[in-house]
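You will see two complexes here that share subunit A, one where it goes with subunit B and one where it goes with subunit C.
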Partner chain A sequence: MRASLERALRALSSLRLACVLLLFLGLLTWLGTLEQVTSGLYDVQKKYFESFVLVHHAGPVPIPLPGANLVLSLLFVNLLVGGMLRLRKGVATLGVLVAHVGIAVLLVGAFVKHRFSDEGHVTLYEGQRSATFQSYFLWEIAILEDLGSGRVREHLIPNGRLEEALGSGRVRIAPSGLPFDVEVSRFLRNCAPRREGADANAVDGVVLEERPAHTEAEQNIAGVAIEIVDEKDGMRRQALLWGAESRPLVVTVAGKPWAITLRHEEYPMPFSVALDRFTKEDHPRIDMPKSFASDVTVTENGSSRPVRISMNAPLRSQGFVVYQASWGPAGAGPGTPLYSTLAVVRNPADRLPLAGCIVIAIGLVAHFARKLFRYVRVEGRTA
Partner chain B sequence: MARVVHLVACAAFVASCGSSNDGAAVRTVERSRVVGDRAVDFHRGDSTADRFGLGASPHGSAAGKAPATVPDGSSGSKSPIAWTVPAGWTELPPTAMRTANFHPGGDPHTDCYLTLLGGDAGGLGANVNRWRAQLSLPALSPSEIDALPRSPFVGGDAVLVEANGTWRGMNGTDSNVGWALTGLLHVDPNGSAFLKMTGPADVVAAQHDAFLQLARSFRSAKAEVHGDEVRFAPAGDDHAARSSTGEFSFEIPAGWRKAPERPMRNASFYAGPGEDLECYVTVFPGEAGGILANVNRWRGQLGEPAIADADLAALHRIPMLGREAVLVECTGKGSQLVGAACAGADRSVFVKMSGPPERVQQQRSAFLQFCASIRSGN
Partner chain C sequence: MSVLACALSLAIAIAPRGEGDAPSRAQPWSPRTIELAGSLAVQEGGRVKPASTFARFALLRISGGQSLESVRGESLSPVEWLLDVMLYPEDAAREKVFLVQDSDAVAAIGLDVRDKKKRDRWSYEELQPGMPRLFTLAHDYDAIPEKERGSVQGQVVLLAGNVMTFLRLARELDPVREGAAAPIDTGVFACIPPDVPIARAEAWATTTELATKAQRSPEDTAILASLAALVSRRADPAAFETELSAFSGRLAARAHARGEGAKIALERFYYASHVIGWSLAAFLASFLVACVLWLRPTSRSIHAALFALVAAGVLLLVGAIAVRCVIRGRPPVSTLYESVLFVTAVGGILALFLESIHRNRIAVSAASVLGVIGLFIANGYETLDKQDTMPSLVAVLDTNFWLATHVTAITIGYSAGLLAALLASVYLVAKLVGFRRADPSFGRSLARMVYGVLCFAVIFSTVGTILGGIWANESWGRFWGWDPKENGALLIVISQLAILHARMSGWLREHGICTAAALGGTVIAFSWWGVNLLGVGLHSYGFTSGVHTALWSYYWTQWSVVALGGIAWRRAIARREPVATQAARLRQPNRTESGQAA
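Right after this comes the complex of A and B.
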């Protein structure tokens, strides 16, 4: 038993394993880059870098590969166990040890970001304010309940539940406290509505026509076919929701109206951002923007402050980073009101990459400084 | 717009697995929050088409069922265009891009359809060579295109394209060896018409004469047929007549004048003094390819890149015809364009003004006022 454990630990801490894992990382990076010729960044990231296993198709030949999630997890274990078992501890290897700790910090930062961060955007015209931001890629069904006095309770069905209905899947969702269930019979990542009374999938004379996914996944507009199932009598009502619909579906169940809509997932921020002024400066005589910036008012904990967010000057507050990302509408003519799109990232490990790099730099500087010092000393003796 | 967000219970996501009677997996979701600034009308019961911006259905939202088929041997009675279906051909319901739609000789693998587009749709050469590329054939030079034969179609001599090759399909994903294409192109800056037949070479060859006979038969639905050849009025003449009898009413902004009638246009105006800035209204049956395709066609005319659905959704809406029209504004090639596009199941209405940027800016408010004044009927 003890021998088996030692063998396992030796294997896990071996340099050979580290080399194999690094080769796999290189291979995944290469294949993931090539895949972007035909697939978008979002899909490639999910397939190669956020998976544990994947199947890469080299022409007609399927090749199973470990995903970057698995490779990086093993690398972390290899680094940790190797550092404990194999690395000589002493003044001579202190710098290398510190550099390894820095690499481990980077890996931990990547894990935390992957598991616990949210990314999205808030898009505002001048005069608008928002305390939420929207995902670029993920969708949710929001069931809105009128509480009176302008207040609304949102019951949310997240993207993960909807994706279970991709292909031929069918999922029934029972939002807590509602008098009805929502059964999702079809989830389309990208689609457009079309009038078609004769189609078997038509609802109210309209079908959602599936379209090839855009390589830029944020341009996809999702759609769902749902059935609202009354808990009381089991009555079903079919409906379609589309990501670009102008108004929500309104149904009456248990004598009360409910508004149901499909939208990008929304996340709350601990502060609100109001766009006071958006400035775009073009290069002379062409429409290419030279710079653009948003003057916003940030309100948090009852107090407000003006902030200018520009391309390399983000707003950082309470674990959120707000960047100037883009503007629109595209091709707007002179005098057309412009909107500003601010990218928002909530990453609890926002500063870990910087910390990891500093630790690695300290370790390497210490290690090579010691080497240099010893070399100079030896050379001095021989001279 | 102060926002009050009370997070009552969020991010608590509990999923339990089970199975409903019909086999669907059952998930329980407990994720909710209370917000204070959602402007939701809980008493508005829109149809699906209205919510999706497809416009009001001519059949009413409850019925909402388009006819599944059009009987053989007739022509689409709802369309402003009429035609005579060749014997043995199967007529199919029109689609967004196909004003008339057939299986020649009843062969399910062979398609023939009429497409109407505003403007020159990219020009004659581009369309001829696009068709040839679909058959895996090299592009023709301008002189070779000039030398192509002509045949009667929509009141004039259209360019006739006949080619055999390997059919790659509209998306380049098919590979049908031994196919053929016969097509007619009437390309005009004021509106273009395309009639195209594709399928196995033997079927296309056998239906060649029937194809040309169909091409000669297109006419205004209201026109009397005098023999085979009738002047084509895709939308202009037909709708202009109805316009004057009350299909549309509108207020002409101060300083605007009516411009001479043009084919494919329902109404044309000189916007402001001079004749360098025109604004015109066109009406097409059905969805006319959809809003996005038409917006991108306008953008393409000014050399601007196409936009995607998401960009389209972000464009401003203005009131027109009791619905919402997409407002398109772009600048390029020394011109500026401002247009409004309003699609519906029965018809699609487009209002466009383009010209020198400074002139367009001067008349922009008048353009918006004009669009808002357009009403159905008197």
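Right after this comes the complex of A and C.
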């Protein structure tokens, strides 16, 4: 038992496993790069880099492969056990140890980012203000309750629940505090409404027709069929929700109106951002942007301050980072009001890559400087 | 006005007239005139540059060359050609300047191509009857995405663009030309700085823009008068020279007041000195000397000469890079072209360093080959791309801190990896042909050299790649986005780390390291050039078929070398060459040094 455990540990920490894992990671990276020619980045990322196993099709031949999640997890264990714990400690290996610690920091950063971060954008015209940001890809059903005197409470059905209703799935959800249940079915990542009275799925003569997903996933417009179920009254009401609708669906249940809408997931920020001025500057006599900048007012804990967010100079506050991402509308002529799109990321590991990079650099330089010194001495003697 | 209509009305303007209608240039432009005209500052592509640079790339785009054989038998420099186009448009219309790669493109616009070669140069006069058709077709083809255009369609679009440039330049001075029609195009030769401080206006003006300006200052009027005088005195060399001198003085004073145009002289020097050409010459000479050295291996003086020539090539190249940095106020690498220069220079420096330790002739010969190939690629790329090699940068790239750290580190990584691949290929080929079979220390020392260069490479590749992630995190809000260029960099890091770990684990020995390093060269080529050809992602800079051919040639060379090396290895085993003992020897120092790690 002890011997086999020892053997397993040795295999798990071996240099050869490190080689094999690196080669697999390289293979995945290479395949995931080439596939971007035909598929969108979002799908490629899901398939190769955020999976545990996958099947790659080389022409007609299906090849099962470990996904990057699996490879990186194993690599992390291998690094931890073989590259740090079991590494012979001494002056000769100090640099290697430090570099390995740096790589581990990077991997931890990647994991934290993957699991615990939200990302999206807030798009504002000059004069607008927002304290929330929107996902690029994820959808949610928001049920708005009128609390009177202009106040609204939001009840949310997040993307994760909607995805259970992909394909033929049907999910019954009972959001707390609501006098009714919601049955969700036929969630479509990209679709468009079409008049079609005869279809079995038609609601009020309209069906949502599935469309092939865009290679740029943020252009997809989702849709979903819902059914409002009020057990008390025995009322059932079918409806379709589509992501690009301008007005919400309004139903009356328990004597009260409820507005229901399908929208990109929204997340709160611990501060609000108001766009005061957006500046876009081109290089002279050429249609090439030289700089973009958004002058914003950030209101946080009751106090406001002006901040300039520009390319390569984001705003960092309370674990959130706000970047100058893009602007629009595309092809706007002179005088057209422009909007500024600020990317927002909540990433608890935002600063880990920098730390990891510094540690790795120190480790590698220390190690190879020592090697170089020895090399020059040895070669100098033989030459 | 649509582009099509604009192009057509431009074309009508200099329809060829009968002989003798317009006076031809009677004598060559004087050297002083060429000097003054070439030194005029022009704003193009978002930066202020000498007119000589403007003319150089305009002529390169139109004719594919850097000088022009005129119909009168003169050899015209780009500046002389530009003077002709602007001041003697009728003369310039007769010069065979438009390079057409495939005469089918000219046939497509309805012209007779029987007297012409398939790839030939045409004059505007010859093309003129096909103008309406050229612009109509170009207008249609322009709507087709570039990737889907056929070869002839692409040629037509290209030719139409070149004709447009020519016509714009030919009509540039119409506002000050007596009897010319009213200008319909704003022109391209923006040589007139605004007379306000730099903070209030960035764009320089063309002649048309100045002539149609709502409120002209007295100085503006004087500049226009000066331009008119240039046009009317074009046939009188002495008067023209005086006028041009005064004109250039006025413009320079304005630019100086705005703090612009300060680097014009330096850029003139950069191109006039042909420093890249001299560096290439030094590398070529060194290559010849290297060949002699391998025939007479024991000669110390030839070895010294080789070292000196390579060092001269590297120094000239470093000088060129430094001057470019000063001209643009940027770190050494901000474009693909500059990455080629930098990779070549760093590779040369590394190889010279190795040579100074080893003195085994291999590293210095490799540097010579690297220099020749690198500078040929640089020149070839410039000729293919035909764009100013010191362009303006888009907002996200325009940051010296990240260009200096991330880009420089990554490029040093490329350089070291490619040098390792080259040395490893030398090892494999040497094994194949049985070079120095009797002396195992030869292969051992070469393999150690490859390993050493790889160690150097891995530092810069790894740190450079992570720095790239940090930059991306600063500008796009994500550290890693699986963009093709990022993936390419990661592939380099992974391949180099895999080689080092495989060496430690004992999987790869002398021959294995060299095989892996030679393959590593293809990974670098893929990352450096290959991903740009995929045409996706944030780092896709455009496509050139010449790059495609060169890239695949390199892939196949490396694969062949590796395959042949494999044959040599099998043969060595069959001959019972003690590979195992060889490997044991190779591993010995490391075992005592650090055990599992290192």
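Miscellaneous remarks
Keep this in mind: the second predicted complex is superposed on the first by the 355 of 383 C-alpha atoms of A that agree within 3 Å, B and C clash if a C-alpha of one lies under 4 Å from a C-alpha of the other, contacts with A are read in each partner's own complex, and residues count from 1 in each chain.
The rule we apply is simple: a residue touches a chain if its C-beta (ideal position, glycine included) is under 8 Å from a C-beta of that chain, and two chains touch if they have at least 3 such contacts.
As the structure is a computational prediction, the values presented were derived from the model and not from experiment.
Contacts of A:196 after superposition: subunit B is touched, whereas subunit C is not reached. By the touch criterion stated above, A:5 is placed in contact with neither subunit B nor subunit C. If you check the complex, the residues on subunit A that touch subunit B are 123, 127-132, 144, 146-147, 150-158, 161, 164, 169-177, 181, 183, 185, 192-198, 202-206, 214, 216, 218-221, 239-240, 242, 244-250, 257-259, 268, 272, 274, 287, 328-337, 339.
Residue ranges of subunit B in contact with subunit A, taken from their complex: 1-3, 5, 7-8, 10, 13, 15, 20, 22-38, 40-54, 57, 59, 61, 63-68, 93, 96, 287, 290, 292, 299, 304-305, 307-317, 324, 329-332, 336, 338, 345, 357, 360-361, 364. Remark: subunit A residues 14-16, 18-19, 22-23, 25-26, 29-30, 32-34, 36-37, 41, 44-45, 49, 86-88, 90, 92-93, 96-97, 106, 109-110, 113, 119, 282-286, 288-292, 311-314, 321, 323, 325, 343-345, 350, 353-354, 356-357, 360-361, 364-365, 367-368, 371-372, 374-376, 378-380, 382-383 touch subunit C in the complex. Residues of subunit C touching subunit A in their complex: 43-47, 190, 202-204, 357-360, 392, 394-396, 398-399, 402, 441, 445, 448, 452, 455-456, 458-459, 462-463, 466-467, 469-471, 473-484, 487-488, 490-491, 494-495, 497-498, 501-502, 504-505, 507, 531, 534-537, 589, 593-598.
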